Amino acid sequence: MTQNEKAAAAKKRSHAIMIIVLILLFILFIIPFIMVIINVFKVKTDIVSNPLSLVGEHGFTLQNFPNAMAKMNFFVVFKNSLIITILSTILTILVSAMASFVIVRNGKWKFCSGIFALMVASMVIPFQVLMVPLVSVYGGIFSVLNHRITLILMHTGFSVSMATFMFHGAIHTNIPLELEEAALIDGCTRWQTFWKVVFPLLKPTVATVAIIDAMAFWNDYLLPSLVLTSKELYTIPIATQAFYGTYSSDIGLIMAALLLAMLPILILYLFLQKYIVAGVTAGAVKG
Amino acid sequence: MERNTFSYKLRQILMFAGPGTILFFCVVIVPFIYGLYLTFTSWDGVSANKPFVGFANYAAAFSDSAYWIALGRTAIYSIFAVVFINILAFALAYLVTSGVKGQNFFRAGFFVPNLIGGIVLGYVWKFVFNRAYVAIASAITGAPATSPLATTGGAMFCLIFVSVWQYAGYMMLIYVAGFMSVSDSLKEAAMIDGCTPSQAMRNVTIPLMRSSFVQCIFLSITRCFVVYDVNLSLTKGEPFNTSVMAAMHVYNTAFTYKNYGMGQAEALILFIVCAIVGVTQVMIGKKGEVEA
Amino acid sequence: MKKSTMKKLLVAMLSFAMIFAMAACGGGGSDSGDAASSADGGFTIFNSKMEIQDQFEALAKQYTEETGVPVEVYYSQDTVSAHLATKYASKDPYTLNMVDAKDIYSLAKEYGVDMSDQDWVADTDYAISVDGKVLGFPSSIEARGIIYNAEGIKKITGKDFDPASITTLDGFKALLDELVKGGMEAPVAIMKEDWSLGAHYLQQVYEEREDPEAFVQSLYKGEVDLMKDEKFNSLMDTFDVLKAYNKDKASPIAAERDLSEQGLAEGTVAFMFGGNWDFAEMKKYDYIGGAGMMPVPQNLQDDYTGKLVGGGSKFFYIDGSENTSAEKQQMAKDFLNWLVTSDAGKTFISDTCGMVSPFKSNDVACSDDLGKAVKTFADAGNLVPNYDYDPDDHYSVLGAEMQKYLADQCTREELATAIQNYWKSVTPVEH
């Protein structure tokens, strides 16, 4: 066997081990999801008596889907969730990318580093702590609750710190200063430099933040339930709250609602994956 | 050009950081300060009168042994969860960026746990621990097995396990972005210079991914310290209130036991502890960060 | 490249426009807060019983059709106290709020509208009055005891089960043994939830006596020795028997309520300590019929033998804070009257929701089997009243102690000491 063949064989072997490890981990990660899929086609009594059986004693049922959809007024709340998630995510990305840019590039300014430290520290505040003061101020004093725009701006305000934190890291390590300087010398303003040079290079981070935030906004229950009080503004998680009781819950309906709600996020995730992978070319610029 | 004048810089900062900072202040800082004021009152959460009581809530919080026990328990939980989340997330990110077939499929699979929260998460895992595990363990040992959720140590283990399961896919995302930002040409250059793949990983990739590590560790620390959802849906603090984490204790004190001021004071202490741990970690991590 | 940059710029501009819109809106402090509310011109109801939410919404619709008054019914998955706290904080409380009895003493005491002049007051024994004002409107009667499934028992013993024949713990134990012999290996289910053990089972120790208030006061003062208390020992003796026949004996703290209720509905479990609210769940399974309720059998024979513990439950109060106008308060009063006097209201309570009506004039039969049983006890005056003045953390702290006892992690002496120490350590609840 030549040296090359040996190396090739070793590579093949490590590749095979990797695949096996991946598949095992994959199964572990996916089991609960599979359980959801199995049980969503069963009635409650079959779910409780044997969650693992493929078809329950009462047979296969599709009833959970239309029931859940009717009870939660699916199309209206889906549209509401979509509007709020899309606008909040875009707004968060724009304002945090901009903020982190100026914070990184003026890192020596006490003001900038101070704001950054404040944002980082604020990420540890449990939301339950802010809940009552938040509604006291914006409901009790300003009465701006029950508008979509309020929720969008609040979503943004709450997630701006984490997004800034992530963009901060990306700009700090991955955006070469020389590129910006070159653009400035070419006559670009800072504003233009940011949008034409820096922002396109941030694509992988934008994609990551977009997924993380979109998911958080899409699934958030507590904040929307505080802000949106009229039923025609309800988002998916608030619309499904009547499935959850202290003494009982409709597990079949909850699972159906979960599956209906998670599709858009999975699609978004797969779509944005491309941009994360596209980061390879972006990163190559500095090489 | 007037790029170095004070007013130019200030305008720059306002233009770029203004919108984000204003929103952040309105939504986070203003309520936080109001909440701070409430810690000095004996408000019950709903009443119109908020009697001022000075530091009484802090005194009560400091002598609330259940709270400190919960806080200590949260620290132990966080240490284990943070370590395992990050090891697993890094390994997953490495595996799904190494060019194996169907890596997009795997990425989606590892991400799915993030989408299962709340009551469904509790339901599915309770089944796994209470029934599937018990059935398998009883079959193997031949004696009736106890569900891990019914024992003190077991409940902690389950909480850590489920948290790792849930957050590993999330942190994997950030590590994947980190892997992607290290260009292949750098790795190849290192290999040509005689590095083995593992050396290239240790000496080139990992140092360049430092900001990903800082981010992931920080995020996992903060998530774990204020863990509430998993705690509520999986154990509700049972058995015997031995799996009540700090955030759950705070919530119960403020709302269930209607002691809002004291709950808020306890939350503030939790915040300070957590901020110290998290910010220290970021400072240490950022120090050695490689600049582009 | 240029084009996409332009696009991004455009989006950025739009976002800023939105921020200014917000600033303008916020600064103006207009009353647009509830502009979008669909209950404009009407009133709002907060329902805290998830299992009747659908029916309640249908009833609201019917009410609007009949009277022209718009009503919206809301529910929240958050804790009731936390949810109402945020509603009051945002100065947007519901007009009519459904809460537990003890919330009437705190919430309604401050915000509730006095309903003493309402006609329905004379029609019920279960309304809550605080300082001479009627503040709580009872929506139903709920009671605790042992739930049984007579069909399941009959399958094993071959005889009709007569709950009245079980008057003592010894008699109960004999039946359990018979069931075990007949093949039902574990005829009992015990819920491990802290509210069931702490606020429902242990609670009977305070309630089943001449003067519960005096007993609790002496607990506060540390004057009670529970190990010498007949009632405590009697109830714990029964609890020991339940434990011995528990289907989840191997790990009682992992017992799942769903499975226990399913067993009870399908007759594979004969007995469980619970209340008539459990029926809403039981009927979702393959219910074989035969469910009923009987008192917790004890060897101690006293005035409470043969009685369930319970009373009014899920009370409505009308918000009387400055945020709710007099018109809305009047609308809520009218609705409550309608609920009591109209056929639609009576049918809703007793038949549609299967609850036990606390109003004497309601002659619609209760549709739930457990509710029927409770009604029989209530009509015969065989309900021991609830004691509603526990400290708020009582169910959690002592529920955890009861869990330890259930899991054999402490002795009865240790449990008694823990209970005594808890009461000594808390500030007495004023009422």
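Letters A, B and C name the chains as they come in the text, with residue numbers starting at 1 for each one.
The definition used in the following text is that a residue touches a chain if its C-beta (ideal position, glycine included) is under 8 Å from a C-beta of that chain, and two chains touch if they have at least 3 such contacts.
Just so it is clear, the structure is predicted and the values come from calculations on it, not from any experiment.
Of the two interfaces, B-C and A-B, the higher number of touching C-beta pairs belongs to A-B. Centroid distances built from C-alpha atoms place C farthest away from chain B. The geometric centre of chain B is 35 Å away from that of chain C, both derived from CA atoms. In whole angstrom, the spacing between the mean C-alpha positions of chain A and chain B is 15.
Within chain C, the positions touching two or more other chains are listed as 15, 19, 82, 85. The set of chain A residues that touch two or more partner chains comprises 95, 132-133, 136, 153, 221, 244, 249.
Contact of a single residue of chain B with at least two other chains is seen at positions 19, 23, 45, 251, 254, 260.
Of all the residues in chain C, the ones that touch chain B in their complex are 15-16, 19, 79, 81-82, 84-85, 88, 106-107, 110-111, 192, 194, 250-254, 256, 321, 391-393, 396-397, 400-401, 403-404, 407, 409. Chain contact summary for the complex, chain B toward chain C: residues 19, 22-23, 44-48, 126, 129-130, 134, 144-147, 149-150, 237-241, 251-252, 254-260. Of all the residues in chain A, the ones that touch chain B in their complex are 15, 18-19, 21-22, 25-26, 28-33, 35-36, 51-52, 95-96, 98-99, 101-103, 106, 109, 111-112, 115, 117-126, 128-130, 132-134, 136-137, 153-154, 156-158, 160-162, 164-166, 169-170, 172-177, 190-191, 194, 204-205, 207-208, 211-212, 215, 219, 221, 244, 249, 251, 254-255, 258, 262, 265-266, 269-270, 273, 276-277, 279-280, 282-284, 286-287. Touching chain A in their complex are the following residues of chain C: 1, 5, 8-9, 11-12, 15, 18-19, 21-22, 25-26, 29-38, 49-51, 53-54, 72, 74-78, 82, 85-86, 89-92, 258-259, 262, 277-278, 280-281, 284-286.
By the touch rule above, chain A contacts chain C in their complex via residues 44-45, 48-49, 71, 87, 90-91, 94-95, 131-133, 135-136, 138-147, 149-150, 152-153, 195-196, 199-200, 221-222, 225-226, 229-233, 241-249.
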